[in-house]
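Consider the two complexes below, in which subunit A is the common component and subunit B and subunit C are the respective partners.
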Partner chain A sequence: MAVDSPFWRRACEKLVGEEDSGKRLLSLWRLYATMDLLFLARGPQVALTFYVSDFVVGLAAVTATFLLAERFDGIGPWTKPQVLFLLGYAVLVRGLINIFFSYNLAFISRRIGRGQLDHVLIQPQPLWMVLLTEGFAPVTGSGMFVPGLGLLVWAASQLNLEVPPTWYLLLAVDLVASIAVVLAFEYIVGSLAFWAPRAAEEINSSSWRLITQLAPFPLEGLSTWALGSLLTVVPVGLVAWYPARVLLGVGTTLWENAVLPAVAVVLVTVAFWIFSRGLRHYGRTGSTRYLDYGHRR
Partner chain B sequence: MGPTRARTRETHQARLHWTRSIPPMQPLRLGGYIKTAAMSAGDVGDSPLFVFDYALRLLRVLVLLALWRTILGGRDSTGPMSLAAVLSYTVVAEVFAEQLAVQTTLSLAFWEGTLVIRFLRPMGMVRQLASEMAGKWLIGLSLFSVPLLLVTPLLGVDPRPSSVVAGGLFILSLALAILVGLALDLFFGALTVALEQPMWLIEYTRTAVATLLSGSLLPLAYYPWGLGDVFSWLPFAAMAWAPLAIYTGTGQPLRLLIGQVLWVAVLWPVADWMWRSNREKLVGYGG
Partner chain C sequence: MVALDRHATSTTDIVVDLSGVWKVYRQRVRSARVGDLLRNLLRPEIRVVEALRGVDLTVRRGEVVAYAGPNGAGKSTTIKLLSGLLAPDRGRVRALGMDPVRDRVQYVGRIGVVFGQRTELWWDHPVAASFEWKRVVWNIPRPRYERMLGLVRELLGLDDIFRTLARELSLGQRMRADLALALLHEPEILLLDEPTLGLDVLARRRILSFIRELNREREVSVIVTSHDMAELEQLAGRIVLLHQGEIAFDGVFAELRRVLSQRRVLTLETASEEAPLLVGAELIRTMPGRHEYAFDAARFKLSDLLEQAAAQAEVLDVETHRAPIDEVVADLYEHWLKASPAAQPGSIMTSST
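What follows is the complex of A and B.
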């Protein structure tokens, strides 16, 4: 069967959408980036407030661990520079989510619970494309990205890492996988809002708080069952601790490099399944909470 | 009528008008506030998924306990606190998490534009907010805090205060901490309005800073470079570090209590002034 046959074309379209999906994605990212810039251009007060707020929140999230590492010259088997690397990784993951999944796309329970999913569904593009592009905020969302990247690079220089080029590939894969894990967890939990819009509207705030508060801590001291839970059911350990261990080679073997991407794929599949079921339910019931003047019942 | 008599009459009328414009002193009707608290507690039925939130809080305690055991376990010297005291500190901080990081329904009222309803009630604004908050606390205390205290021995932690006196002073300190927290909540609410910023922006920043500076996550005694000593003078420390340090016998109770009283005395007039100065702008927030 020829590669350019209608069968293959249809199969490819099923997999990645229409032929010009890539162009459309770039075009939408450019559009949302421009809108984000215009939002910031409203005045220095807005810009300053967003930046300072993001910076302070990001800083505060990792400072506790940093202070402990400084006080005790490391935490458990982690040396001080290794802890810094872990913190840099954790902030970078959070910063990237802020950049690509802003405007409550990482807090999907809010959109579902408030009936705002309708705003997404009426757009003349696939749902996945909206979810990938609408939250793009490269300017207002970069308050944590820059310090996170800086911390990671600085910690790596302190560690005098001599790494092969494939290490950078592993870093990129792990970053994407960690982001996928966080989002999958948020979507699995947030999908509850399809069935309980009012009760679960803010449930992603709780799950996000848990992830961001616990991600910067080394988890070595936990019992086996607790650690197992934090790597599967509530995958806090996969956000920064596990990938940092793998990247720094702290008590890990080569095959463990594949664990994070594999678990990420599983979690994304579960999230997709639950979200699809919720969406089907939403298709039948719709939202009773949306009011045209913006407030909720 | 001569000019002097006319002036006297005007002055009298002005005084009368001034007197009438002062709202008469209302007796404090506790019943209304208790009812408000009860109604607020009843809101728990609106969101039965609060159990999920409790599970996450429990998980956080477990991780923090494991972290402290990893750090301090097997060390000759555990620094300013014993391992047992740090573990108690961590558990009690979670048991009283809502009281040590006071948050009224003010932000929610901004968000939902329902503050106007509270203005219309013949009740004090701050007292209403405090009543609503207390109602929610009842649920948290009975469904999470008490059960957590009960299972604490299973986690290998002794939750008792360092002494009976410490336990008594902790209650006093906790009350002062709540007063400090209430004043700060009102202050930041007024600040949100004054700066005309999104309420979540101020709230996230405040929560992040308070978690770090108050010592609710990590005891200030373990902060390096003398940072803990500096932070202990800030109002945030009066919210969490002071009562927890008294409970675990880490700090000097008298100094900590005096610090809390001072912050109460300073913050309440400031918060009250900020609120009165900015509440007229609330219309922009739906009030």
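What follows is the complex of A and C.
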């Protein structure tokens, strides 16, 4: 059978999407980046407010761990520079989520609960494409990315890491996997809003706090059950602790390197399944309410 | 007039086809009594609301259809079904030869939707940015975008608000901008759910005139819901009246008046201040020397009423006119409300088309 037959073309399109999907993604990212820049460029007060508030939030997120490491010259088996690396990684993950999944795309329960999904469904593009692009805010979302990256690089330099080129590839894979874990968790919990929009609209705020507040802490010393739970049920340990441990070579084996991406794939699959069921329910019941502020963004 | 460069459409002239469509919602009913707390949690009472009950409806290309009915009649549900936001529980929804839910991505690229109570504009951006956003997301070719942009800016008078943040627009300005946004890709079907809700007379007139113009020039099929009957009559030739999820009337406005009522309004000016008592006419307004009555012309003759009036007072002047469509339909809604549960929807009037 010829590979350019309609059957094969359709099969390939099913697997990788329409042939111009890549171009569409780039074009949409460019659009949202421009809109984000224009939003911030409305005035210096807006820009200042954004960056100062993000800086304060970022500072608050790492202060406890930093002070503990400073006071005790490290935490458990982690030296002070290693803790700083862990902090940098955790902030970088949050920063990347802020950049790519802003405007409540990471807090999907708000969009569902406020009836904002209707705005998405009347756009002539696949839902996955909207979810991947509409929250792109490289300007307003960079308030945590820049300090996170800076902290990671500085801590790595303090550690005098001698790493092969594959280490950078592992770092990139782990960052993507950590982001996927956080988002999958948010979508699994946030999908509750399909069934109880009013009650569950803000549930992603709580789940976000749950998964990000503990992320910059080393988890050694916990019981097997507690640690197991924090790596599966509420996968806090996979946001920063586990990948930082792997990247710094703390008790690493080849098998351990594969855990984070594997769990990320499982969690994303579960999130996809629950979200799809929620969407089907939404198609049957529609949005049960619509708020005045349930408009775009 | 500029040349049309529409997408290829289905060969049939029918653009919307609803066939035996049912939509049922289930609502939890909770009592406010503390004693019912446990029952509310464990065995809540479920009320079944039949929003649409076997609706059959077709709309032809270039037709403007007014979709009306009392609150809860199923208007917005129909618009949502046609927007691809809801799937029917039973029956079939086809529009432009497609299933709005299954073929959502392709389908929504060919329709325009305006919900009066919400906006598609980006709140913290000028109107212009939302238009540019639409161009990219809808993948509108630049020449078509420029042409439509010029058209909507001119006809809807958007120049003065084009660079204003959406959050700073008045309701009327926002509606104009939303309507323009819905039209940039040249939709073949325009779904308008209460597009003039809360607008002042001027803004309303501007929007109505634009929709008429658009339909005349471009053969866009329009389905519009509103509670304002006079407005719907200005806009549409055909009216579909919904009652409890069923189509109670489908025809032209003149036919609706004829079938519904021969209600007339009679105004008398008399030498005496007091209003004459007329058997067969209801006094609806009076002030010294001027009195307004409503009566059913099918049952009572005007000459009889005037005879009665002349017997009681010196009549100086007489005016008579048909009741406004709003009153006619309000009478119908009131009739539905008072009707016993046995009076099933659809039994009040038969479909005329």
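Here is the rule we use: the second predicted complex is superposed on the first by the 287 of 297 C-alpha atoms of A that agree within 3 Å, B and C clash if a C-alpha of one lies under 4 Å from a C-alpha of the other, contacts with A are read in each partner's own complex, and residues count from 1 in each chain.
As a convention for this text, a residue touches a chain if its C-beta (ideal position, glycine included) is under 8 Å from a C-beta of that chain, and two chains touch if they have at least 3 such contacts.
Model, not experiment: these values are computed from the prediction.
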{"item": "Partners on subunit A (subunit B, subunit C) - clash or fit", "value": "fit"}
{"item": "First (subunit B), second (subunit C), both or neither touched by A:P124", "value": "second"}
{"item": "Winner by number of subunit A residues touched, once subunit B and subunit C are compared", "value": "B"}
{"item": "Geometry of the superposed three-chain model: angle at subunit A (Cα centres of subunit B and subunit C, steps of 10 degrees)", "value": "80"}
{"item": "First, second, both or neither for A:A61, with subunit B first and subunit C second", "value": "first"}
{"item": "Partner chain(s) touched by A:G22 [first = subunit B, second = subunit C, both, neither]", "value": "neither"}
{"item": "Touching partner for A:G228 - first (subunit B), second (subunit C), both, neither", "value": "neither"}
{"item": "Smallest distance from any CA atom of subunit C to any CA atom of subunit B, in Å, after fitting", "value": "10"}
{"item": "Doubly contacted residues of subunit A, that is, touched by subunit B and again by subunit C", "value": "295-296"}
{"item": "Subunit C-touching residues of subunit A, taken from the complex the two chains share", "value": "24, 27-28, 31, 35, 38-39, 42, 115, 118-119, 121-126, 283-287, 290, 294-297"}
{"item": "For the subunit C and subunit A complex, residues of the former touching the latter", "value": "25, 77, 80, 83-87, 89, 101, 104-109, 113, 115, 117-125, 129, 132-133, 136-139"}
{"item": "Residues of subunit A touching subunit B in the complex", "value": "49-50, 52-53, 56-57, 59-61, 63-64, 67-68, 70-72, 75-76, 189, 192, 196, 198-200, 202-203, 206-207, 209-210, 213-214, 217-223, 226, 229-230, 234, 236, 295-296"}
{"item": "Residue ranges of subunit B in contact with subunit A within the complex", "value": "46-49, 52-53, 56, 59-60, 62-64, 66-67, 69-71, 73, 79, 112-113, 195, 197, 201-202, 204-205, 208-209, 211-212, 217-218, 222-225, 227, 286"}
